[in-house]
Every structure is written in structure tokens, then in C-alpha cells.
Amino acid sequence: MITVTCLNTATKEISENCPVPDISDLRQNPQHVIWADVSDPTSQDFTDLAEEFDFHHLSIEDCRNEHQRPKVEEYSGYYFIVLYEASLVGPNDVLELRELNIFLGKNYLVTVHSRPIRAIATARRLWEEWLDKSETGAGLLAYLLIDATVDDYLPLLDIISERMDDLEDSIFGEWRAAVIEEIFMIKKKLLYLRRAITPLRDVFNTLLRREQPIFPRETHVYFQDVFDHLIRVADNIDTLRDMLSSTMDAYLSVSGNRMNKVMKRLTSVSTILMSVTLIAGIYGMNFVFMPELRWRYGYVFALLSIVAVGVALYAYLKKVDWL
Amino acid sequence: MITVTCLNTATKEISENCPVPDISDLRQNPQHVIWADVSDPTSQDFTDLAEEFDFHHLSIEDCRNEHQRPKVEEYSGYYFIVLYEASLVGPNDVLELRELNIFLGKNYLVTVHSRPIRAIATARRLWEEWLDKSETGAGLLAYLLIDATVDDYLPLLDIISERMDDLEDSIFGEWRAAVIEEIFMIKKKLLYLRRAITPLRDVFNTLLRREQPIFPRETHVYFQDVFDHLIRVADNIDTLRDMLSSTMDAYLSVSGNRMNKVMKRLTSVSTILMSVTLIAGIYGMNFVFMPELRWRYGYVFALLSIVAVGVALYAYLKKVDWL
Amino acid sequence: MITVTCLNTATKEISENCPVPDISDLRQNPQHVIWADVSDPTSQDFTDLAEEFDFHHLSIEDCRNEHQRPKVEEYSGYYFIVLYEASLVGPNDVLELRELNIFLGKNYLVTVHSRPIRAIATARRLWEEWLDKSETGAGLLAYLLIDATVDDYLPLLDIISERMDDLEDSIFGEWRAAVIEEIFMIKKKLLYLRRAITPLRDVFNTLLRREQPIFPRETHVYFQDVFDHLIRVADNIDTLRDMLSSTMDAYLSVSGNRMNKVMKRLTSVSTILMSVTLIAGIYGMNFVFMPELRWRYGYVFALLSIVAVGVALYAYLKKVDWL
Amino acid sequence: MITVTCLNTATKEISENCPVPDISDLRQNPQHVIWADVSDPTSQDFTDLAEEFDFHHLSIEDCRNEHQRPKVEEYSGYYFIVLYEASLVGPNDVLELRELNIFLGKNYLVTVHSRPIRAIATARRLWEEWLDKSETGAGLLAYLLIDATVDDYLPLLDIISERMDDLEDSIFGEWRAAVIEEIFMIKKKLLYLRRAITPLRDVFNTLLRREQPIFPRETHVYFQDVFDHLIRVADNIDTLRDMLSSTMDAYLSVSGNRMNKVMKRLTSVSTILMSVTLIAGIYGMNFVFMPELRWRYGYVFALLSIVAVGVALYAYLKKVDWL
Amino acid sequence: MITVTCLNTATKEISENCPVPDISDLRQNPQHVIWADVSDPTSQDFTDLAEEFDFHHLSIEDCRNEHQRPKVEEYSGYYFIVLYEASLVGPNDVLELRELNIFLGKNYLVTVHSRPIRAIATARRLWEEWLDKSETGAGLLAYLLIDATVDDYLPLLDIISERMDDLEDSIFGEWRAAVIEEIFMIKKKLLYLRRAITPLRDVFNTLLRREQPIFPRETHVYFQDVFDHLIRVADNIDTLRDMLSSTMDAYLSVSGNRMNKVMKRLTSVSTILMSVTLIAGIYGMNFVFMPELRWRYGYVFALLSIVAVGVALYAYLKKVDWL
């Protein structure tokens, strides 16, 4: 489905749901900024787009085949941008990455996506709010859309960060054994998030450092801002990864220590039991001449020996901290 | 065996199986694009190639000696490209890398390979399909061939990715011990795939950033596309490697935990058995004066003690989660 | 709350607590250097600032939303700088990072912070002391402020370094088990400190290498000095991180060794006990014909055997260092 | 000992064993290419060289003191190159690195080495074979020599690679315990090989990327070839290192698993033995009223109980895979 | 204490212990090269230096506060260089890094240090010896001083390398347990040495690659030589670090293997003892009808059973290599 919105930068009027066939006419007027949002595109939609905007067949191909890398590609007359919106869905917080393809031309923006993208509504709303700003072209619109997408990663990272605090508490506080699987799952999420962000960061870095800026002077500062947010998200992800590997190390050490303590204790107890069993064994020997056996309180003496040896060993092992 | 195909870019006609001796004549006409595919080359073939196309003896040498690094080298008048096609063969999914040497000149493409290359058929088919595109030169043909080779890595990586999901399931779900060997084998495969891709990626990166592009303007966008696919494959490999090392870590931790649990249990059971054996040992002592021995229900009492102590210890150890 | 201080570079006089509405007038005179310190800013303060100094709304936005990355951004007419002051607070030495936003213009400096910043007092004091230096502009003031902030990291790192020496002593000297948690906490602190410093270092690196220096020639050497201190702090942090991971490795090895020793000992003792128990078990057999049982000193002989076997095994195990 | 060989590039005649004093005269004629090979140099040789060819005293110093880093240094009028030939010697395959110093001037090549260098004979032979090539200067000779040295690393790496395959077999197949020491020794070898190759690779990378090529146009392609071989060797080394660390990981995991299995088994057997010993212990108690003791088949019953309990436990432990 | 030495480059005469107040006059003559060595500087010395040579107060500040990073800073008219001399002192080979500050001007060199620096004597001696070289300016003097300092690291690294060979022997040969602490101490030393060298290497790299060389053409080759030595030292340190971590890995593996062997043995012995104890336990049962008990050689039979079972188990466990 194609939804076309058009802004007259002179009158600052936004007309919604323009008919698709009008696009060609609207584009002729450089005062118009056109946003064509294509959701759940059909094969026909792709053909129409390629024809109407004269998109290169390679970029249309990339758009058609999902699972592209996040990227910014320069074609003659427009930029082709691929990025991903992220969210945690379902009761198990499964990470979902939704692809958003953007064609950014002089005075138009075409967005293509097969799943609903939250950032589109946000950008739509801010577009209207920012009408009073001096800059109102397609570049600003692209900025609003990309920035909304990128900023959406931060609350998600906050959730992951909180999970990791929980994990940490359970390592140094009340022990839970299933920590490894949780660490593994978070690691995987961070890996996917990283893959969705760092290529974009690198591309923006290159784009912004170029001698002749690809964005008009006025919007340059906005894309600098997007870049700043991309670095921030990427840095956050890296910090979380570092932290996670520290947490993993801590888990392994603490887990090893706990196990060691248990084994030391159990083996110490075994040693005590063996020692006292030896006493019982000795008085179980069948020698004819064993004076103690005939003592009045021989049995009591043996039992007391058993207790005494047990207690002494216990105290000793406690002291050397093996128990 | 040398197979020569010739495209007349003016008439858009492809003539197959041109006689080898005609190459010299065909090359004179810049409208012709010639593709000479040399499979299983003989020593004579190399000499003929070097003479006909005036190839530098170093590039012929590289072609003759297999196991070159993937690379793009610039010689006067042509590029010499080495790349590898990958596939998993046999019941054990052994990784096979098949070398493909490409000489890319102004209006000719020479491919040399000692084993059959799937991408050649693909490129041949697409060449015909794309005849209506504006660009039809040797550069486009090279693009089709390289892209077909590179894209072939993706399904292979998908297979490896599925294997890794299986491994993960077997780690956190139903346990299989042979996971290490599988991880090791996948690691090795990824290492070889990486070696076959990353040098190409780096070379393309350098080639595409040059001030004066080595490819004509029109084909530049195609090689940009190959570069994009190379990055995508390389990124996928890196992600799989990261994931694999996480999987390895998880395996080791879970394996350690399972072992620890078993040892804790066995040692706990030992402790219980030792404790009750002590009781038996005590009543096996031969003291003359041991009142219990003469009790009517002494034996029953002893057996009950054994059971009681055993159950109590079992309950305790269960509670502290050592059993 | 806004506190305005103004220096007349001609007369070298500093007037404190200038009324806020005078800022506009004061700014007109290029001989004046104005420092407006905004602590605990209200929404109104931000609006006033933006209006008075004509700050870009993106920089005001960054100022309003805390938790920005440390950075230096170039806007038309001024630089926007974010950095963090660090200190350890409370009995548990919790790391606190306090954000400081700086707007550095031609002849003014605006500092915005929601928590008290120690470096502000230091910079204020040094400003006065350095009045006799040739350079007295806003750049120098920014230098004093940034340098005071950066230098403040060094004593903090010294404290952490001392902690680590303690940890090391407790690993190779008198053993403390809780080392892991301390290592983990220090690691986390270093991670946060690193995040607060390295982005600044990288930005300064870029700024100082530019063809056309952003700071006037005279202050360039000062910012070179800040950069030098930033590298020093960052290097210190990296060294501490390296050291910490060595300490962690050492802890794990030493801890493993200690545990191994204990287990070897306990198991060796078990072996001794089992051996002597076997002797007791043998003489506890009920055979009718067992000559030793009838010996006069059979019992003594058995006890001596037990002692002899025990001592011999003990000596042997001691010799092979298993005990 | 100094051996001087001289090529007249006009007549393509090589004169061997030219008298040393003639060097000065021969050098005057730019058509001559002179190769002075100094093996086992004396102090006098160094003085003579410095005087005859006007070598800078720093390069002579480097030549005199062995154990330099592999490098290419530019002096006025000549290049000074240090590289290492590698081979495995003796029954224990000790890695030997033999230093080769090369002075490459306009029309002369001076090689200095204190141990015999295989590559010199190879280069000497190829020099003659390549006389028909258009390029015959000192640059080509240097290429032949360096390339022979670098190519010599490949069979050596193949040997190491085969060793590693053996190691791998012994890890996943029939177990050998001494794997660690072998891994350690290979690691050390790879480390030294890496040190001998990567500095050269980096220097060539810089030299070949320079705006104004240091080698004449015609030989540039040859040095590009050397660079390609250097990368190939360095890549091979890195791949082997990666593989080796995987092998080490695999060894540790498999070794850990084997140990765990053994301990589980032994402890399981202990548990079985303790259980049945308990039965014997019970019937060894001395209670007066123990009906079983008087049973006709009490003994048989006890023995059967022992066997039954033993078998049952064995079966159970086998089922849960602890035995 | 300030010691001033002055070389007249025209007459090649060195005058020692020139009076401090003469410096100003001597500096006027560009033929003079002045070396002012300030050891154990007082506050007054710093003030004098700053005044006499017009040093920037930031560089004087750096000089005053010890523990700077090694660095080379460019001030107007001179370079300020900080480097460290290293040596192992005392019976425990504690690493000592002694700071040396150098001010390098057109025709003067000022060295400031609070502890005695060996390299100063070396440089002094070589200065005289090299008087016959064409280049005799302050740059050469700086070269001699820096090179003497840097070269001093090599014997120190050789000592560390020998220690590591000892460690290796003790790991694979006769075992010593205290290896971890030694490894840790060497690691720390290498970390500090690295910190003292790599910043210098990086600075020299930048300085030497600059378009317009900071050193005059003639001395450039000397500083190239210092850079080469810096790389060599840094490479050596990195190699030692790599080796050390291999040694650590080897230690852990071998240590783990040894422990495993001991535990396997001890547990195997336990199993044997338990088995034979079972036999004794069986014949210790009090059944009325136990035919063996009445056998003539029942006791001998039992003892033989015990021995037989023990030997059989021992042989079995030996065969499966658990003992």
C-alpha cells in the first residue's frame, strides 16, 4: 500500500493521502516535499517506484530481497538507505529487527517496509511540529525518520542493562543456576543489535567527513546529530558487551568457588567419617586378647573416642577453613 | 579445454563456441566482447593464453600454481582476479573451495579453472537476460561472474547457521557430548571461508575508493554492489564466529555445571553411605558389655537408626541442593 | 541559578555576579570575557540561554537530556562540549560521574550542570592567578576548566591502583575469598571511567590535527596540554585494566592451586584411612582358623601394623607432595 | 669471503668470480650489474664495503650487529634490506632463522650473511634463466633473491600444518597426553616466523603505495609479486595461529571431558562398593537377636543381596550415564 | 646541580664545566653546541632554565611534576622530550624507570633528571668519539642520548627472556608451583616497559612521516635509526608478552593435567581399597552357616582373595591409564 503525503514548503501546508498518480506532477515543483510510504509492497509497487522515480534496478533489487546490511548507498540523483528498527516482543522478549528502506531524493522521500515501523508515526508527528524551523526539505524528514529509529534503541538497551543488573545481583547475592543461558541470550541480542547499528555508524562517519558534504549545509548539523546518536547507541552496546563478559567471568569464578567449597566440605566430612569408622573397625577385630573389650566401660569409652575424634577433626577442618 | 563465446554489443548477438584461432580477429573489433573459458588447462593452454592476450608471465605463473590468495591485481591492459567458489560436499559436508582465475581486459574476459565452477553457468544465463541493459561490456560480465560466486556463500552460511542452532539446542536442551568436535569443525570451516572472502573485500574497498575509478563509470555501481555483498558475507562469517565462540563458552559452562552436579551428588551419596556404615560398624564392635546387643529389638533399632540417619542426611543434602 | 562573571581583558579586572540582563551588553565588547555558570538549570534558563547566545536547538536539547556521550561539537559561532567529572562517594566508594556542559564562544563561556562541579571553583581560582599570562581569553578559561576536570581523574585512579595492590597482596599473601567481587566492581568502575574519557581524547585528537586549528594559535598549546593529560588518563585506565585482568588470572590460578592442594590432601588422607581400615577389617573376619587372633600380642601387633602402614603411607604421600 | 659476479646487460654475459679490486671499475659502467656476495664477513670486509660503495656507517653497523628486525631502509643511493631465511633443522625440527643483509644500489647488489643462505643459489640459477626477459637490472636480481627467501617459508608452513593435523587427530581420535607441549612449541615457532615476516610485509605495503615508486616502473610488478607472497605467508601464519588456538581449546575441552568421565566412573564405582559394604557391615553387627544370622541360607541371601544391590546400582548409574 | 658542556663545532673542541652564567653568551654563537645537564633540580633551577632558554611554562610544569607520559612535544623554538631509562635493581630485580626530560633547541640540549641516568655518560663518551663525523649539532647529541637510553632496554629484555626460558623448563621439566607469581611479576614489568616505549614509538612515527621533516636532513637518518630501535624494543616486548601468555596457558594446562593425574590415581587407589575391604567385610559377617569360616585354609583363602582382587584391579586400572 502506498501512502503519499506532500508538503508545500512555501505555504507550509501538508496534504495527506495524495493520489499516487499525482506524484509525477508534484515532483516537478521543487517547493513540494513528497513522502511516499510503501508498506507491504507488491511486485507491482516495485515496478511503479522504479519507473516513477527512475530508481536503479540494483537498489530496487536490494529493497525486494530482505535481510540487507544496514547501509547508505549513493545512486545518481538519490540515496538508498537501509536501516533496522528494533524491539523486544512477546513474553520471552524476543528481539525483532524490522527492515526499513529509504530512498532520499532532492525533494522526495520514499520509505519501503514489509512490517509496521513505529518510527514512521513519530517522524510524521515531528515533521508537523517542526514546520516553523527554517529547514523543511526532504533531508530534514529523513533526519527525523532515521533519528526516531536510532533513538528507539536506547530504551531497549536500558531494559537489557536492567536484566544484567539482575544477573549480577543473582551472582553475588542469592544464587540462581540458570544464569548462563540468560547471559547467552543477552549476548546474542547484543550481537544482533550491534550488527544493525555499527555499519550505519561507519557509513555516516565516512559521509560526514567528505570534503563536499552530501547533505546541504543546513541539514549537515542534523546528520551530525544522527551520527552522534549512532555512536552513543554503539558505545552503549559495546559497554554492555564488556559488562556481560565481566558478568560471565564473575559467574564462572563464583560458581567455581561455590562448587569448590561444597566439594571441600563433602570430602572433609568423608574424612571425619572414615576416621571414626576406623575406631569402630578396630574394636570389631576378633583378637582373643583385647583388654578394652572386657572393660566395664569399654563400649562407652569407644563411643566417646568416636565422638572425640569426630569433634576434634571437625574443629580442625573448620579452623583451616576446609569445612 | 577452451570455450569461446562472443557478444556483438552492436547487434546484441551472442555466438557460442567460436573457434579459438578467431580470437585475435574478434578482439580487434571493440564492439565484440569475448569470453574465453579455460577449464582444466594444459601447459599448452597457458602458453597460448600468454601469447594471444599478452599476459604477464607472473600472472600466468599465479594461474598455473593453485592455492593463491583471493586477490585483484592490476597489470598493464588487464586485471588479474583470483577468487574461490565454496560448497559443502559429501555426506560429511566437507568444505570445498574451488579456485577461479579471471583475466579482465577491455573487451574480453578469460576464466581459468581446473574444477567445474557453478557460477559460470549462472553468469552465462544472466548475461543473456541482461542484454537489454544499457551496459553490456566485459566489466558487466565480470560483475555477473563475481557476484554469482559471492552470492553462493550465503546459502552455505545459512546451513552453518542452522547447525549452530542445533548445537545451541543440544546445549541448553537435550545434552549431546560430541558438541566440541562439531564446534571445532565449524570453526575451521568459518576460518577457511573467511580467508576466501576478506582479502577480496579489502581489495574491492581499495579499488572503489580510488580517485580515478578503475571501472568505467557505468559499471562502478555494479562493483559497488559486489563490494556490498562481500561485506555482507564477511559480516555474516564474523557474526557466526562470534556466535560460535559464545556457544563454545556456553557449552563449557553448562558442561562444567552438569559435571559439578554429578560429582556433588555422588559425593553426597558417599557421605550418606559412610554415615550409616558407621552405625553398622559400631554395632559390629566386640565389647563384652554393649547393652544394645542384648536388647530384644536391638537389631531392628539399629536398622531403623540406619534408615533414619540416611533419610535425615538425604533430606538435609537435598535441602542445601547438594544432591 | 545563573552566575555571571566578567573579565575585562584590557584592565584585567574581574567583576563577579554581574546581573544576567547585562550579558547582551557585555558581549558586545570583545575585550570582555564572560563566564555564565548555570547550575541546576530550569526550563526557563534553557530558553533564555538559547535566545541570548543564539544556541542551536540541538545543542540545547543535548544539554537538557542528561547522559550524553562526552563530546566536542562545532556549531556556527561556538563549540558545545560535554564532559564528566568523576569522584568516589560514600563509604562504598561508589563512582559518581557528574555531567558538565560547556558552550565555548569567541568571548564567552557558558557552563551548565545539574550537580555541583568541583572543577569550576578550581578554574575560577586559576583564572585569577593566571591573569598575568599573555593569553586571557575564553579559550584559556575553557582550558583551565577542562584541564581541572581531567586532572581530577588522576588521584581517583591512584586510589583504584592502591586497591589493586591490596588485592594482589591478598592473592599472593594472606588469602581473602571475596576478591572476585572486588575485581568485578573495579572493572566496572574502570569501564565507566574509560567511557567518560576516551571519546574526549579521540575528539581532541581530531581537533588538534586539523589543518586550520579551531583554537587560536596562542591557546593551541594549552589544548595540546589537555590532550596530553587526556591520553595520560586514558593510558592509566588501560594499564589498570590490563593489570586487573592479570590480577583476575592470577586469582583464578592461585585459587585453583589452593583448591587442588586441599583436594589432594583430603583424598590422600582418605586413602591412608582406607588402608588402615582394611587391616582392622581383616582382623574382624570370623574365620575359625586365624592364628594371629590367638597370639598373645596379636592386638598390639594389629595396632602397630595400623600405625606402621599409616605412617609409611603418610611419609610416601608427603614425599610425592600429594599431602 | 667476497664472491663477485658481474652481468653485462648489453651482451647478457655473466662473468663469475671477478676479482674484488675490479668492482670500482665495473661499477662505472651502468651496463654492468654487479653482485657481491659476502659470506662470513670479517671486520676488514665491512670497512672495504663501506669505502667501496660509500655505505652509511649506520647501515654497516646494523649489518655487523646481528638480530636486526627485518626491514627496508632507504639511504642516499641505495636501499638496505634485512630479511630472514627460515628452516627446520635437526631431529627435533628446531626453527633456524638465518639473517640476510642486502644492499641494493642502482646497478649493484651486495649480500652479507654469516651463515649459508639457500636462496642465494636459487636466485643465482634463476638470474641466468631469466636473462631473456626484458628486465635484467639489480632490481630484478633483488626480486629473485627476496622472492626465493619468502617462498621458502611455504613448505615450512606446510610441515607445521601437517603436524597440526596430527595433533587434531590425536585429540579427537586416539589420545596422546603430550599434546600441550607440542602445541606450545608450534606456537613459539609461529611467533618467530611471524616476527620474521610481518615487518617486511608492512614495509613493502608502504613502499608500494608511495606516490613516486621507489622501484623503476618495470620492476614494480615484481615487487608487487613479492608483496603478494609476503601477504600469503603472513596470512598462512595467522591462519595456523588461529587454528592452533582452536586446537588448544579443543584439547582442553576434550581433556576435561575425559577426566570428568573418569572421575564420574570412579566415584560411581565407589558408591556401589560403599553400598554393598554396608550390607556386609549390617550382617557383621553383633546383636544377639538377628534372625537372618541363623537362617539356613542367610549367608547366601546376604551374598545375593550384595550382588543384587551392586548390579542394580550399576544398571542405574549406567542408565544415567554416570558410569 | 647544573653541568654545562660546550662544543665548538668549528674547532671541534669540547669545554667541560663551563660556568652557568656564560650560557647566554655561548648560545649567541651558532657554532657552539651547549649541553646543560640539570640533575636533582631545585625550584630555582627551573626558574633559571625557563628564563635563560625562554621555555614555555607548561613544559617547565611537566618537567617539575614527574610521572609524565613519554612524549615529544613541539614548542616554538625547541622540542620537549620525556623518556625513561629502565633497569632492574636490588636482589628481587625490581623494575626502576628513571625519568629523563630533554629540551632540544637549535644549538643546545638541556637534560633534566632527578635520579642518575646511565645514558648520559654513554652519550658524553660517544659525542667525543663521533667528533669526526660530518654532523655534530645538538640533533646528533640528542640522537646519541635517546639511542643510548633506548638500546639500554635490550639487555634488560634479554634477562626477562632468560627468566621465561627458566619458567618454561620448570613447566615441562621439573615442576615448581610458584610459577604463577613469577609470571604475574614479569607480566607487570612488561606492562610498564611497554608503557615507557610505545608512546615514544608512536610519536617518532608521526614525526618522521611529516611532509616537512622536523629534524635537519642530515640528522633525519639518525632519528630513523632511533625509531628503528624503538620498534625493535617494542616488538621484543610484544613478543615476550605473547610468549608469556603462552607460558601461562601451558602452565595452567600442565598444572591441570598433573592434578588430574593425581586425583585419578588417588581415586583409583580408593576403589581398590574399597573392593578388598568388601571381602574382609563379607567374612566379618556373623552368619551361623558360613562354610568358608570353618575351612582349614579359609583365612589364607580370604587373604589371597584380597591380594588377587587388589592386584587384578591394579593391573586393570594401570592398563586403562587411570593409575
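Read from first to last, the chains carry the letters A, B, C, D and E; within each, the first residue is number 1.
Following the convention adopted for this analysis, a contact is a pair of C-beta atoms (placed from the backbone, for glycine too) under 8 Å apart; a residue touches a chain by one contact, two chains touch by 3 or more.
This is a predicted model, so every value here is computed, not measured.
Shared contact partners of chain C and chain E, listed by label: none present.
When chain D is laid over chain E using CA atoms, the rotation angle comes to 70 degrees (nearest 5). The geometric centre of chain A is 40 Å away from that of chain D, both derived from CA atoms. Residue positions of chain B touching 2 or more other chains, listed in rising order: 263, 267, 270, 274, 277, 281, 284-286, 290. Shown here, the protein chains touch around one cycle, each chain meeting exactly two partners.
The assembly's chains link up in one ring whose order, counted from chain A toward chain B, is A, B, D, E, C.
Contact residues on chain D toward chain E in their complex (touch as defined above): 56-58, 68-69, 71, 73, 75, 177, 180-181, 184, 187-188, 191, 195, 199, 248, 251-252, 255, 259, 262-263, 266-267, 269-270, 273-274, 276-277, 280-281, 283-286, 290, 292-299, 302-303, 306.
Of all the residues in chain B, the ones that touch chain A in their complex are 133, 168, 172, 221-222, 224-225, 228, 231-232, 235, 239, 242-243, 246-247, 249-250, 253-254, 256-257, 260, 263-264, 267-268, 270-271, 274-275, 277-278, 281-282, 284-291, 322.
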